[in-house]
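Presented below are the structures under discussion, each in the form of structure tokens.
You will see chain A twice below: alongside chain B first, and alongside chain C after that.
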Partner chain A sequence: MANPLNRPSRKNPIVKTRLPTLPPTTRGRFALGLTAAATEGRFELQVCADCGAVQYPPREACNQCLSVELKWTPQSGAGELIATTVLHHSNDLFYRDRMPWRIGMVRLDAANDKGPSVVAHLHGDVGEAPSRVRLTARLDRSGQAVIYALPEKETPNMADDPQYRETTCDPKFRKVLVTDGKTALGQAVVKALAAAGADLIWVGQAEPWKMSPGLDKLREFPQVAIVPLDVTDADSVNKLAAEIGGKVDIVVNTAELHRSGGIGDRDNTDTARREMDVNYFGLLRLGQSFGGAMKFRAADGQSSAVAWVNLLSIYALSNFAPHGTYSASKAAALSLSQCLRTELGAAGVRVINVFPGPIDDEWNQLLPPPKLGASVVASAIVKALKDGVEDVYPGDVAQEWLTKYRENPKVLELELRGGGM
Partner chain B sequence: MSALLNTLATALSGGNVRIVDLTQTLSPDFPAIVLPPEMGQSQPFRQEAISKYDDRGPGWYWNNFTLGEHTGTHFDAPIHWVSGRDLPNNAVDTMPAAHFMAPACVLDCTKESAENPDFLLTAEWIKAWEAKHGQIPKGAWVLMRTGWSKHLTDRNDAVAYQNMDATGQHTPGPDTEAVLFLVKERDVIGFGTETIGTDAGQGFHLKPPYPCHYYMHGAGKYGLQCLTNLDQLPTTGAMIVAAPLKLRQGSGSPLRVFALVEEA
Partner chain C sequence: MKRKDYSGIAVAVPVTIPYVRYSTHEAHWWLARVLRELIQGAGIKKSDIDGLCVSSFSLVPDTAVGLMQHLGMSPRWLDHIPMGGASGVVAMRRAARAVQAGDASIVACIAGDTNHVASFRLMLGGFSAFARDATFPYGAGGPNGSFAMITDAYMRRYNVKREDFAKLCVAQRDNALKFPHALFKKPLTIEEYMNARPIADPLHLFDCVMPCAGAEGYLVMSAEKAAELGLKSARILSTIERHNAMPDDPMQLTGGWVLDRDEFYGMAGVTTKDIDFIQTYDDYPVIALMQMEDLGFCAKGEGSAFVQSNSFTLDGTLPANTSGGQLSVGQAGAAGGYIGMVETIRQLTGQALGNPVPDAEIGLVSGFGMINYDRGICTGAAILAKGD
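And then the complex of A and B:
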């Protein structure tokens, strides 16, 4: 079993901070299919539609029959470890810092006994060959999929294995900023992070004269510090970044403004502006203030800067006219988060986008169920950090939209236009 | 220069007439008025540099700013309230320039407001004040001094300044009879406060709701809010300069408001 993670000792202030490096980043167009599935936590390989052969590595044509009908298909990952070795040397700057590094050869199970063999990174609890393992596709610090062999069954402290942690953004012993603690969702996120072992949780509070009883309850958590933060005010964001920016390992941006209504429901832009000011410009201000220090600290020991979570909405994918201006602000935020992903990704900091369906709050009062409880979304956020994925779609509504969006975004748009969703 | 203005100029330069700034600094964290979230919201003050001797403009510094008309220390015109909507010259751009200056009476309710944040200034209270200090002259500003501005200036405590609980805001202000007395019996130019509104925090529950807004603006009178340094004014005799920005059909405006005070 992996040694349980200990709280890291305090940073030695006279030792130079290690700069972030990335494992090999470049992938061909076909290999990106593996990464695309891994961003949502799935392990998919191409399977030949003509002969059924499972392909690895990803390719253009079947390695058995040359068919070009290769479909990305979820895999169980069950396989046999047939050889292992330990690397003690690498010219790659990322792996040089992490030697020794254990890898192995795994033959995937397949009906025709022609499962491909895969060179995989090994979780520390994977024994010597031969043994049974589970393969999974994980995102490494470059944001690309790599294949990890895990022990067949869960082992104690599994998440604490150092080689495995290179693919996770676990909040355990990390310092987290939750940008808005005044909403039920923000408060649920704080509680979920505390339960996951976060070391320190800064909780943003805008307009402190407007009371939030739930926020006061958070003061009972010893690891919580409530701080002034108004994402609509660059001064406020800059001031907090100056105070704590060099310590924040994870940002969870829960700040959002949600009002119902589309274009014709109002005759001015005031509400839409405020939605944009929080949902889009708020993210921009936070990125400008906190992004730089997080990039610098992306290899800063065990509790490095590691992830940035954005609370978006499933309405970011396609406009839901009854909440039309809100949808537009979330679509803008989605686009900006992709920019943030590129910029932070260059240092190995992961940007996680969360696309919940309607949340059971006062602004969705008139929407019929199913609506998501705040704690469900909070759990999904913490799970995404632990799994190290990029995109999560919590709840049935989000899943249904996503499926339709993937099948045909135009059909989803048409269905929404007809009120059929 | 006329003899009168010449005397004023000499008094200003010689220090016999002092200028007291009654304005709070506009900053992003200055508390904005609170309305139910489903209603239209006043934008708080926001400020962003266009350039600051940098690559955006190497030799100069300047900002863009945004804010609602009723942000920070500000002026209320009669058009602000439904009761004053049809009056002539009721907006900040059309109000008579002659109204930019007027004498002030300062009603010191500091003690009462410290004891009771929901203190309501009554007509009786004003009459008792007049018995001591003389009748409030026609066309004067009536400034309700409560010490409330010190929550911000001395303690930087916006929470205490807003003083909200589950039943809303708790700040002092005038009651309906007091407002009617000032409007009908004294024909003042307007009413000024240190708090975020000319009405009490619980003014919504008076009859009519927000009587100071309702009757003052309904009679073509003005309001001044978020004033500070009222404790530096004499009880009577100060001259107020309150000229709002000339915003087209503006309902109010942030402004630099100050007083001329003759040294004894």
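And then the complex of A and C:
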């Protein structure tokens, strides 16, 4: 079993901060299917549509029948570890900083006994060969998928294994900024992070003169600090960044403004502007103020800067006219988050986008169920951090939209236009 | 259909351009030097070379084609052989057939690579599509990581010990001490081998070849032509190659040689007992051991006992890698696939560089190349005999 993590001691200010490096990033285009599935937490390999042979490494044609119809297909990952090595030398700076590093060869189970052999990183609880393991695809700090072999069954403190933790964004012993603690969702996120072992949670509070009983309750948590933060005010964002920016390991941007209505529901742009100011420009301001320091600290030891979570909406994928201006602001935020992903990804900081269906709050009063409880979304966010994935679509509505969007975005748009959803 | 033999073919003018750890030159420089020495050694004109086989990793962006213009050559037959450690054997096969068919009369087989300080590191990530996607992102250990896993599996499966590899490495170092071009000039002891720092368990420092710059080459022509030029030459008794053999084996514990072994010795009309010395491809000692087993010098799984019952030194039983091999001379990229072939030709033509195998009549040279993903893809072997 992995040794449980210890709470890191205070950072020594005279020791140079280790600069971020990335593990090898380059992949062939045909290998990116592995990463695409891993961004959502799935382990998929190519399977031949004609003969059923499972393929690895990724390729363009079946190694059994030469068919080019290879489909990315979820795998159980069950297999046998048949060889291992501990690397004491690496040609890559990322691994050089993290030696020794253990890898192994796993023969995937297959009905015809022709399962492919897979080079995999090994979780520390995987024993010597031969032994049974399960493979999973994880995003490494480069944002590309790598395959990890895990022990067949859960072991104590699994997430604390240092080699495994290099693929997660686990909040345990990390310092987190939740940008808005006045909403039920923000408060649920704070509680979930506290339960997950976050070391310190700064909780943003805009317009502090407004009463907020739920926020006051958070003050009872020893690891919570309520801080003034108004994402529509650059000075406010900069001031907070100047105070805590060099310590934030995870940003969870829960700040959002949500009003129902489309174009014809109002005769001015005030509400739409305010939505954009929070949902789009707020993200932009936060990125400008907090992004740089997080990049600098992306390899800063056991509790490095590691992730940035955006609360988007499934309406970011396709406009939902009854909440038309809100949808547009979330689509803008989605696009900007991809920019942030590229910029922070260059240092190994993961940007996680959360696309919930309608949340059960006052702004979705008129929408029919199912609607998501705040704690469900909060759990999904913490799980995404622990799993180190990139995109999460919590709830049945979001899953249905996503499926339809992937099948044919135009059909989804037409359905929405006709009020069919 | 029975394969045509290689009678009437001569292999001559073995050339080694002494290796250096690092070179500031490009591969073209090394290949030019070896070609020039081949021409001078044969006493012929540049234009007499009408066929070439070229192997080089660091020649990029050029191939054999670009090299021809670079060197002002106008061959009527040209082959680029990107098969790494199998290149030396494969080039000879190709060249011999070209000469037999009359497509070329004198073929220069050359291999060489430069080695800048960053060369090896830069090559690894882009070595192959599979390496880029499925091995390099796993700790970037390069071939050390892959061969470490093969060695781990091999040791457990066949009960081979580090002491067995130690014996091979120490014997080769012993041979290298008599070879003037070896980069390693100090004796190696079993104790030093065993106590070396770990690189990728179970591999330690002396299990790993040292990348360097260098070049190797030889000429292939008809026996008549060799006689006409007054060249000392060797004959080809048999030669085989095989690629991606046994792809369903979970780990590479057996190489492609086993598939063609019977026909190999059948064509040569000899058995392993007739072999006076062997040159195995020795990027890692486990591969050298695998070749001894798979080429029939001992049964599979008996490598450990076989190693302990032979000396592999020049004056002992079954001299192996008589120049010291890559483990003691250095690995000059694709020239590593030629080092055994060129040394074999030297031994069989009385041109050994201070390290002759006494009364050597027949030598076996084996090639192994290209760890495309998890295993070496190309295997080849040749049996050569002293010329008439």
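Everything below uses one rule, namely that the second predicted complex is superposed on the first by the 421 of 421 C-alpha atoms of A that agree within 3 Å, B and C clash if a C-alpha of one lies under 4 Å from a C-alpha of the other, contacts with A are read in each partner's own complex, and residues count from 1 in each chain.
Just so we're on the same page, a residue touches a chain if its C-beta (ideal position, glycine included) is under 8 Å from a C-beta of that chain, and two chains touch if they have at least 3 such contacts.
Predicted model only: the values in this text are computed from it and were never measured.
Comparing chain B with chain C, the partner in contact with more residues of chain A is C. Legend: residue contacts after superposition of the two complexes on their common chain; A:P394 is shown touching neither chain B nor chain C. When the two complexes are overlaid on their common chain A, residue A:P24 makes contact with chain C while staying clear of chain B.
Look at A:D235: by the touch rule set out above, it reaches chain B but stays clear of chain C.
In the superposition on chain A, A:G291 makes contact with neither chain B nor chain C. Contacts of A:K210 after superposition on the shared chain: chain B is touched, whereas chain C is not.
Looking at chain A, you'll find no residue that touches chain B in one structure and chain C in the other. Here chain B touches chain A in the complex through residues 27-29, 31-32, 34, 38, 40-41, 44, 46-48, 158-159, 161-166, going by the rule given at the top. Chain A contributes residues 207-211, 228, 230, 232-236, 259, 270-271, 274 to its touches with chain B in the complex.
The residues of chain A lying in touch with chain C in their complex are 23-24, 26-28, 31, 56-59, 63, 82-92, 94-95, 101, 103-105, 107, 114, 117-121, 129, 140, 142, 144, 146.
Here chain C touches chain A in the complex through residues 120-121, 124-126, 129-130, 132-142, 144-146, 148-150, 152-153, 156, 197-203, 247-248, 250-251, 373-374, going by the rule given at the top.
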